[in-house]
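Listed after this line are the structures, all set down as structure tokens.
One chain, chain A, appears in both complexes that follow, with chain B as partner in the first and chain C in the second.
The block that comes next holds the complex of A and B.
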């Protein structure tokens, strides 16, 4: 690179930097936004149902009913509320005062003593299907434990020929925060990289200053670099804040090496910047650029990246579509590096995809800006 | 309606629809989002990748393996012979879980003891792990009951019967898709309104508008109209798609749904105009809109239940208009609720709408800088 090229680049960076400093909203995005988002997401998004209000209806008490119901009181997942009748409980379920009902009919004790295998009814509010499933799972667990305990106490043979032993790897406490925080970092990087960058070039087009830049002696590459470097700096600031908060505020384990986490993050930040530049080059108006950045980058990073909704649960067509979403690869890398450790096959495969997308978008941006030049 | 108000409203609609790109940007993306997110936003697991590590090779272990691999919940990706292979499959995410049957299984069973069945599961996404474990439990308890039946004089002392109200098959799409009505209604309305004043401020035409004979409330109506029309129309389109494309049952009253929708959209317009009046540039307005949308979506309970949040955050959700409308939408769709059941949701939204619209009108004249 020639000396004068460096001078031009320096001037361009200085201009962009002044624009950032003079409009406090951009600084706010880099510093305030990560903190704000991590707090909102970190505390606001949780799939861990705890102290679920559960109505308990026992129509006739006895030794077996009391021992069965007793196991709910000792469970951290439930807050049992005893109710007199099934009608009362059904009403509470409809008004969302409880999430489920455990119902032992008046024949329960008698049938139990007569070895007639009486049913325990569990009724859940299926509206929120995910919570309903978790409640079913917890109740099944309590029921299975009770069966074993009952067999031991009565000195009979086992009640369950097969006994389930579960080993949950990487996250034995089943805290959803541990997989959500790495996803939040991906969303924040997308915001800083794409939304902010999409706005800047679109603004130059809208205000007509793009033509001014184009008639200077600056080359397209210099101009793009000049725009990218300051925003890359903002992104790194956001990343540092996010990693520190993830580690020390949300106490997410960091089992992989910090170097690889940083390297993968820099790679993703570059891809996000390239996507932002691409959008702004096409859109040319801030309104359209903002909408496109929201819909093309932020919302997919939120919904299609595997951050909250597991990609494995999606229909095959949508799973195919997620391969076009850069955030998906970054979320996979981060979740593995944070929770599982340096598992090279996962890191390399996803980094390769990110690298490919980065090269693709930068090429598109350069081609697109060149063509615009010729049109002028 | 006065002639000048009429003229202002026409001007506002022209400002919004004049440009072809912004016309498309208002109509196409929300529909695409609805279709994609409607399918993507699900917690229901199907075809979970499963590997089997059978050290027993007995009739019992083979039957158990068969029950797992024949279940629609699981997709058998392979057999492993040792712990090393099992952990490689899980580490590299080729299998979500490994079913491990220890060598003494059938021996213990014939001696009248329980056979431990071990499940190794990838907890990187803990929610997926919990849901997959539910399927595992179902299969194991059914097999347990069947095994007990074969033994003389043995039955399960107590059975567990599970039922779900309002959504018997626990399809999580029925929960998420109605929520998208609230989500997209908000995004579209907020983008349309938050830009309207800021665009004029940036172009310098807002001061001209203020010195015309138009009263402030007329400017408010003129600026609110496009948001209201676009917001309600777009939401209606989305409601049609949720019912006829996604086949989500809409059991309750449309009156309740539309009463909620109108007040909700008005509250969002108030927020949008407030953001717009406080901004001097389009960029600030967009960022402001964004800073509202993200917490509003999270705190509404759209993706994860409000009940799981810490207490101080649950209190903050009362400020969020989407929280109230989300309850209305979900209950109207799935529970068949009617208008009279929503007093507790409608009045807070009305207050939010009144406050934000008033504040926006005041901010037209009193800039923040």
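The block that comes next holds the complex of A and C.
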């Protein structure tokens, strides 16, 4: 009987595989979607500010003023636009021609020379909170830098009593690509594992092929394995593409070991597949399956995994909710492995959570899948 | 049951004892099968015959352990389908209604898959494949994708896949539904062949009563109950001497049908081309003397299985069905209401409708006859303006329905193939919704709804959810909705598919009375006999128009012998057009 069981499994895998290579949408999800998503997140969506248009209003020029203003033109973050009056600058801000205004009043030069602390007015467009905060930070940085430089050149004592020395760990360039790419990989794994798997089983119900499979002597385990193995292969394909692109196109560092990255990915892929299979035990139409996979797995992997939005800044209730999202653990592992290195406590803790979820879903799937048509 | 196993010869292929099955749908119990008992005989084809909803599929699923019985017991080759599931699955072949062919796999790949799943050893495959492919005529197509096969070939491939490991009992669930008559005949030949060569028992379900005669034995199932079991002739012999063919000169067949239906001794009168087929009441006969002053010829004809079904189940009160009376008279016109000229529709490289031309006159019942995939529904959708045409033209009541105004469209009534009303609205709510959708308001709306309710006898079901209605009533409701705005032209897409002969008769009584009042009716069907009810028809296959004319003309032009049926003519046409595989 063992031989027969292998025959059935081989038959199922071959059939699945033929269907995958003949179905353009499966290939698209496994091959083109990773490339597409990585390109969008790698190039299109950047959470960094670069060449932000900034209005500069100087009411009275002087040596110190011009030197300070000059440092805006000399860095890649801003494109300064000099304006004659604050009214003109405010209009530009209202018309979204600039994202912020640096306003040096006519007393600036005098007060600075008189060793008072003259105010630098900064007005930012808070409509885009992310850019606003970045502009604010960058302007502060430029101000601090310039003061430092002036102090060194003139031998004058700094007026600010405190000096800020910034060090950014793990991602010194503060390039958002470096933490977005690991997140994108998690999203892709979720799509292949859960969405595709849930869809193909629902398709068997819709087209009536399931009834025919049920009257063969195939066991539940054989059927599940027959579905799992080809889609696991497909997931690994997507993963490989993502890793290669991350490494060679976006030059994301891989500070942890590749073996651990792969091991964690295999673990997460199995969890995602188990979730897909679980959805398919409930949903018997492709429409319901797609909706359930989207709401149950894909969107949470996007929003609640910490991939884009920091989990710690979420309301406590939502933070609690993120513990139910498998992608959260995977994103944590990946970001650590990519950017920080083999930090074992992080890897082990999150892997344990993934393992638990995987076992849970597989158990549910095996219990819920039955070989008849009775509705439970 | 192990005791029985030892004496293999005596074990029946299938034995049902008091089998009942109840489903719960939205907290309501529905009895699919009630106290079904029968024993299947070996080495023969047994037909499980009954209309949709009779319980045929449920019974087959119970045999395969896909469902659990609510009461009673089943023994399949001496085994319990639930307890000894694997043994049963190894010995029984089952082909579900929609057989699980993978459309994106080739014929060969589908066969390989099922050989793997059924555990057929590699060295046995070559010979078995060759034998099955040869028998089904699929040998030249092994590399074709299953999705690109015609409907008939798909069914044959389904049968082949079921048979790769030779079963002792074969269960076929409606294998011939929607298949063209040539493929249907070939499928039957394969089944006979299997019984003879491999000595298996076959149970084949069908909703076509005319297929009963092809079975050695018949089990007639109706509303979940077994009405009888025996040879086909043992059924039809019970109405021996009560079946006649009536032909009247100078009288329209529909007028004649109404006359006959009113006669006391007549139980059923059915239009068959130019003549009528009559079943009389028990102990009554009919002859030409019953029609004084008319030129009417009456011949006794041999009874058929359907005659028995009708005679047994038709009650007096169902007799005839109710005629429909429209409020507004339809203007007569001499010109054709529907004109189709060189109509073409392509989907990519596939031509679904290939230069089709015909016209339909006012008050005519016009049929589009063809198998699934012949292009009927595509033609239909273009006529209704639901699908753009590739080339040619089609006009309905002088307009192109794709561009016509809503006002103009309201002259058209449409009844789709599947029940397309809102299943979770009540009958009354559906009527009201569709009345408003057709622009009926105020008093007029009330009057038309009242008309629909009384004409179609929907009173008792007004507050019932439409999805829960019996099939016949669903159909009445669908027709009522299509007619409430009193259209001049009525489109019916496969209106009687799967309904029992009684409901079909009732439906046609409605259609006939509409035609008498000048409504033009265009109807598609794959049901050979239904073509006989039409005034004129076209036969379609693979997008082409094969023949056009009255039923008599088509039958006379396309057969070599007297008394040929529409099916004979269809087969003749397919074979002479090279369209048959």
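The definition used in the following text is that the second predicted complex is superposed on the first by the 350 of 376 C-alpha atoms of A that agree within 3 Å, B and C clash if a C-alpha of one lies under 4 Å from a C-alpha of the other, contacts with A are read in each partner's own complex, and residues count from 1 in each chain.
Assume contacts are C-beta pairs under 8 Å (C-beta built on N, C-alpha and C of every residue); 3 or more make two chains touch, one makes a residue touch a chain.
The structure displayed is predicted, hence computed values, not measured ones.
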item	value
Fit or clash - chain C, chain B, common chain A	clash
Chain B versus chain C as contact partner of A:4, first or second or both or neither	second
Contacts of A:286 with chain B and chain C, given as first, second, both or neither	first
Touching partner for A:40 - first (chain B), second (chain C), both, neither	first
First, second, both or neither for A:74, with chain B first and chain C second	neither
More chain A residues in contact - chain B or chain C	B
Contacts of A:14 with chain B and chain C, given as first, second, both or neither	second
Touching partner for A:23 - first (chain B), second (chain C), both, neither	both
Partner chain(s) touched by A:209 [first = chain B, second = chain C, both, neither]	second
Which superposed partner A:153 touches (first chain B, second chain C, both, neither)	neither
Colliding stretch - chain B into chain C, listed as 207-215, 243-251, 279-287 or 297-305	207-215
Footprint overlap on chain A, where chain B in one structure and chain C in the other make contact	23
In the complex, chain A residues that touch chain B	23, 25, 28-29, 33, 36-37, 40-41, 43-50, 52, 64, 68, 90, 93-94, 99, 112, 115, 117-134, 136-137, 139-141, 143-144, 146-148, 150, 157-172, 174-176, 178-179, 191, 195, 199, 203, 283, 285-288, 290-292, 294-295, 299, 303-304, 306, 308-310, 312-315, 317-318, 321-322, 332, 335-336, 339-340, 343, 345-346
Touching residues on chain A, where the partner in the complex is chain C	4, 7-8, 10-12, 14-15, 18-19, 22-23, 204, 207-218, 371-374
Residue numbers on chain C that touch chain A, as the complex places them	61, 64-68, 85-86, 89-90, 94, 96-105, 109, 112-119
Residue numbers on chain B that touch chain A, as the complex places them	19, 21-22, 25, 29, 32-33, 36-37, 39-49, 60, 64, 90-93, 96, 109, 112-131, 133-134, 136-138, 140-141, 143-144, 147-148, 154-172, 174-175, 187, 191, 195, 199, 281-284, 286-287, 290-291, 294-295, 298-299, 303-305, 307-310, 313, 330-331, 334-335
